[in-house]
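Structures are listed in the sections that come next.
One chain, chain A, appears in both complexes that follow, with chain B as partner in the first and chain C in the second.
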Partner chain A sequence: MAKFLVKKILAMIPMLLAISAMVFFALELTPTDPINYLISPDMASSAGNIEALRESLGLNDPAIIRYFRWLFNLIRGDFGYSIISGTSIREIIMLRLPATLELALVSLVLSTIIGIGIGLLSAINQNGWIDYVGRVMGVVGISIPQFFFGIVVIQIFAIQFGWLPFGSRMAPGQTAFFDRLHFMVLPAFTMAIAMTAALLRYTRNSMLDVLNKDYIKLARSKGIPEWKVYLKHAFRTALRPVLVILIFRLPILIGGSIVIESVFSWPGIGSVILSSISAGDYPVIMVTTLLVAAAILISSIFVDIATALLDPRVRFE
Partner chain B sequence: MKKRIAILMVLLLSLTLAACSTPTEPDPNGNGDQKDHVFYVTILTGDTTDKFPHLWNNRGAIFQVTTFRSLFLPNAELTEVKPDLASSYEISEDGLTVEVVMKDNLKWSDGQPLTAADVEFSIKTNLKAAVSNGIYTNAFTKIEGASAYKEGSADSISGLEVDGNKVTFTLTTPVGNFIQVLGQFAIYPKHKLENADPLELHNNDFWKLPVSNGMYKVTEFNSGNYFILELNEHYEGTKPKIEKIQVNFIADAIAAAQSNKLDFYNTNSTDQISELSKLSAYKATPVDILFYRYLIPNIKDATGKVNPTVNDVRVREAIIRAIDRKAIAESLYPSLAALSNAGVPLDHSAYNSSIDGYAYDPVKAKALLEEAGFDFSKTLKLRMYHTDQTSIDFMDAVAYYLGEVGITVDLAVFQGDATSELFQVRDYDFALKNLSAFGFEEWYGEYASTNANFRNILGGETAFDELIERLNASTEAAERAEILKELQVLEQELLYKLPLLQLKNVIFINNDRISVPSSVKFGNPWYNHDIQFEAWSFK
Partner chain C sequence: MQNELILKVENLHTSFTVGPLNIPIVKGVSFEVYKGKTLAIVGESGCGKSVTVHSIVQLLPRNGRIDQGTVTYIEDNEEVRLDQLQRYGKKMRKIRGENIGMVFQDPMTSLNPVYRVGDQVAESLMQHFKMKKKDAMKEVISMLKKLGIPDPESRINDYPHQFSGGMKQRVVIATAMICNPDIIIADEPTTALDVTIQAQIMELMKELQVKYNKSLILITHNMGLVAEMADQVAVMYMGRIVEYGSLTDIFEHPSHPYTKALLRSVPVLGKQEGELLETIPGSTPNPLDCTVGCEFADRCEFAQEKCRIKDVPYRQLTPTHQVRCTLFEEHPEVVK
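Take a look at the complex of A and B:
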């Protein structure tokens, strides 16, 4: 397994390099200039010193030089600075990543528990009322866009009833985690709905598939208690495809959800990615996309490991 | 089973209906947020959310005018000023010397003295700053020795002298609005910023918790969430009645208003105006400002390379005559828009009534196009950088009217940032542009051959230069009016910009919570002016 891991991690390096080069040169093709972005054309601007700023930031250098300069600095551990805000990217990540992590983690846990739980019960009670509820939840959760759900829950719970805040992550005097939990309810719930729906449907279908297998019939014929058949024999096998979905959601922990963060004014990495792309703030875009790419690649390694652990036929090769 | 499903469906339907119904109005009995004595303001996310917004670019946000002051405080029209950090000023007869006397015993919010040295430092730094409104550069480069200082060939500005609490400006040429510009220019603390790189001053860490000189100071900055303003104990003026302002970084101002977490907001977005007008708590005050909405033609670049599609002035005239601007204004901007035929509004005393009103005349438009030999088989590239629905509807309407005279239009939103697309990439025939101007100098300044942006689409034409210079130097109202009338004639003759509409801005105040004295007159919300905030109070 150690050899497998080392091999996979080493394979990540050229992939990340290729991704960084692709992102950088793709950005070069877009007609967005971060310095021009600083000044709205709706206001008269002082154009003279803008060029000096561009020069001082090295933005007039050829793209290839800028790319390798950025890469060299990254290898040295220097993430650079945002062109738009001047804040160090390390600081941006330190400020925004916890917000993204806490929201994504809560949504992930919520959706995993509810999705797998209801999916399991739906399969066990196929065509029962819980199955109907689960199926409705599955269809509703998948077919309604997250932003629409977000707007609806804001309208109901924040504006109509005034029970919960309409957005943001904290308020003055409510900065400690438990004091600001109520800020997380609506975004976490909204984010969890779509995640739950997909998981629920996969769990249900996978369980139903497994429950029809011969070895389950054999287990039942041996007189093994029904709960043991479901949880020990069926669920373990049914879990494999579900686990793949679950692990591939891990990058959300790093990248956040642009839609959710935008609707709920949640100050996470997702909103940073969105605003930096609009502004052409390439140092921020490069580091954040690289982080997300690394998270995806690591998730893919986790999937391989989990598959091998759950299926004895699969080996670490 | 069916019963359970029915119950579930009813529950879902009820919640959906609840979401679609009119929001709860703020409690008239003064419960909940009604008694929350914090004045709520918003900054829309998407802007920088980890620093207090630098003031040399945008100046007029309510949290900016209450934290930072200038030497003078302009009136709502931005034409007259009263003392603020300065106690008095004097302009020599030839307009070349301006003496400003500072008030005594001024202090920054950290207790450090605020002196004329801060004024000198701010002006010198501004000359080298990258992010700064053009009105400052235009005025300050007229100070004797400023250009040499800006270019780095001098260490000081010979025309900027400080003697005790007196600052003397010696100008190379009179600047008609010099005092008004000083009324906008926020003074920064030398003791905090003297080692900062002027080019990146807008991004300096100072802005994470700036030292201020206004009635409020920043006491807490929570990146991405909010910042708090509280009374500045070193402010020498009248103590405001509102003791705390909370500025929230949020995505949706309407949701904030519906949640009663918004006390002041300004917009010219018809969608937002419509939604906020539905809330009885909010009082709307439309404000006449110099906000232009116009089409710019991509005529020729700085090297003289011409775009034949729009080079003929008859084509440009045809375009403006083909658009029923009145119908668009009435349908998209009811009571918010006025027709614009030049840089001077129709109701302004300096408006030249002899100029063309560009009445909607598709027949004449078509005739002009034919006369100019316009190639109707060619697609006209119409572009915009605005993404709000009203602007999209606006341009859809423009495209429709152009289609009516036989022009095939390709309408799209720019992919990149506006400045790059408009003045560097320049892959368009006409583009929609807005300008929120401090004065007429800015509208006409776009025609100047030296304008770094417009010379890329107007080829650096010099036809306007002399009149613009005269306008910039003129201080007499009658003389300015005459120059403006001449400029209007010239701009119609050349039609380098196609004026469409001028838009008002609407100020919304939470009338259930906030009491604003009736004497308060609102002006352009992008610029500093006296809103008597010290007299505002909670109800």
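Take a look at the complex of A and C:
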């Protein structure tokens, strides 16, 4: 197991390097010139000033040199500065990450419990009323786009009834978790809907598949109670594909959801990504993209570990 | 007969609901199982053999239902009506685990891939006899030893994928036998195994059955196996037993045209070159098309008008031999 882990982690390094190079050079190819965002229009006439600024920012060096300069700074822990606001990117992330983490964690936990729970009940009572409810929930949740759902719940619960705030994370001056809990209700709910639906469908299908297996019949022929047949024999084997999609969702804990965060003006990483893209703030784009990529790579290691723990056939190969 | 009756199935009807249709799969099956004896149920694929035995232990799929008939299990002179028990109720579960063991067709898929073999065999011991895991494991080891699995002490900690097909089937048999049941139902136990292993497994089952005086219900489509193993034989076709008798009745005096055809289509060594193995013409009909008369009529060389127009009763040829065919109208009808 330890050997396997070390191997996986070492394999991550070239992947991350490749991704960093891709992010850097892809942005290099875009026609955006950060200088245009940095200077005010009335300064545009003085070409000498612009050139001096370019030189001082190191923008005139060859791309390859700039890449390695950026990379070494990154390894040293220096993420650079936003060219728009001038604040350190590390600071931006430290400020925004808690918001994203909080929202994503709540919707992840919510959708996991509800999705797996209803998926299980749906499979066990196949074609019963709970299964119909589950199936409708699955189709609706998957097919309605999140931004639309977000707008609908804002319209109903924030504007019509005025029960809940329609955006942002907290009222000015409030910091306690319970003070801002009601700000989270709508975005967390909206975010959880689609995740719940996918998980529900996965759990249901995987369970139905396993329940038709011969070893379930054998388990029943041993005379063990039905709940044991479902939970011990069926769910344990059905869990594997479900866990894979669950773990591949972990990166939203770091990257947030761009759609949800912008619909609810939630001040998380997702909205940072969006605003930095529209502003051409390329140092921020590079770091956030790299962060999300690293999160995805780490999740894939988790998937390997979880699969090995759940399925002995994988462990011994 | 001095034989001790242990299981009695009478006029069993089982049907499956598929969409709006109710399809009868088992139509009035009756047979008896005696202590220490083997009943073989033979027939083509899809004739309702498996459904019949699954009805006995109520392990039908969700859309399957017993419509009519009785299944009686006799334990120490006490009769238990299995068909009246709740499918997954306590009593039915107790009988399934303790009194009737089951061996399924494909050992490759019969064991749960994520649990250790020893735990899977021990599960019913811990469930029914409330044994501690340590004691249960001792039982499991001695059972696996009896079944000829080498080095059981360490193999109980292996997972099913580390076993070969024959060894897996031994484990499945161990699961069926571990609670010392009276009846073992083996649903085509060797179909998925290769021929040399088939012989080993069947010998093993025969040995266990004789040594521990178990009753065996053997489902198969292999006539050779029937000849080796069975005391009683029930030949099934399209949800009905068309001929029922002792081993000698069936092999020495096969009476129903279907039984005869089955026996003729057994491959034997020593056929002349160019001589073809006989097959039964036509294919099994759709169960929905069989409404009245003999289901085999369309494939039968002796079929007459009367086979198709009204229900064909069972005829008693000898005290042990029954057949459902219009060719034997001089024999008395079976009284139920």
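We take it that the second predicted complex is superposed on the first by the 297 of 317 C-alpha atoms of A that agree within 3 Å, B and C clash if a C-alpha of one lies under 4 Å from a C-alpha of the other, contacts with A are read in each partner's own complex, and residues count from 1 in each chain.
Quick note on the criterion: a residue touches a chain if its C-beta (ideal position, glycine included) is under 8 Å from a C-beta of that chain, and two chains touch if they have at least 3 such contacts.
On a predicted model such as this, the values are computed, not experimentally measured, just so you know.
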Examine A:Ala2 and indicate which partner it touches, taking first as chain B and second as chain C; both and neither are also allowed. neither
Which touches a greater number of chain A residues, chain B or chain C? B
Check the residue A:Thr30 against both partner chains and state whether it touches chain B (first), chain C (second), both, or neither. first
Could you look at A:Ile75 and tell me whether it touches chain B, chain C, both or neither (first, second, both, neither)? neither
With the two complexes superposed on chain A, say which partner A:Trp129 touches: chain B (first), chain C (second), both, or neither. first
Which holds for A:Lys213: it touches chain B only (first), chain C only (second), both, or neither? second
May I ask you to decide whether A:Gly223 touches chain B, chain C, both, or neither, giving the answer as first, second, both or neither? second
In the superposed arrangement, does A:Pro312 touch chain B (first), chain C (second), both or neither? second
Please indicate which partner A:Leu53 is in contact with in the superposed arrangement: first for chain B, second for chain C, both, or neither. first
Of all residues in chain A, which touch chain B in the complex? 30-50, 52-53, 56, 82, 84-87, 92, 95-96, 99, 129, 132-133, 136, 151-152, 154-156, 158-162, 165-172, 175, 262-265, 267, 271, 274-275, 278-280
Along chain C, where are the residues that touch chain A in the complex? 57, 59, 62, 88, 92-98, 101-102, 104-106, 109-114, 123-124, 127-128, 159, 161-162, 172, 175-176
Can you tell me which positions in chain B touch chain A when the two form their complex? 1, 4-5, 8, 15-16, 18-21, 23-24, 32, 45-46, 48-51, 57-58, 128-137, 150, 197-200, 202-205, 220, 222-226, 228, 246, 248-252, 255-256, 258-259, 261, 385, 414-422, 424-425, 433-438, 442, 445, 451-453, 526
For the complex, give me every residue of chain A touching chain C. 126, 213-215, 217-226, 233, 236-237, 310-313, 316
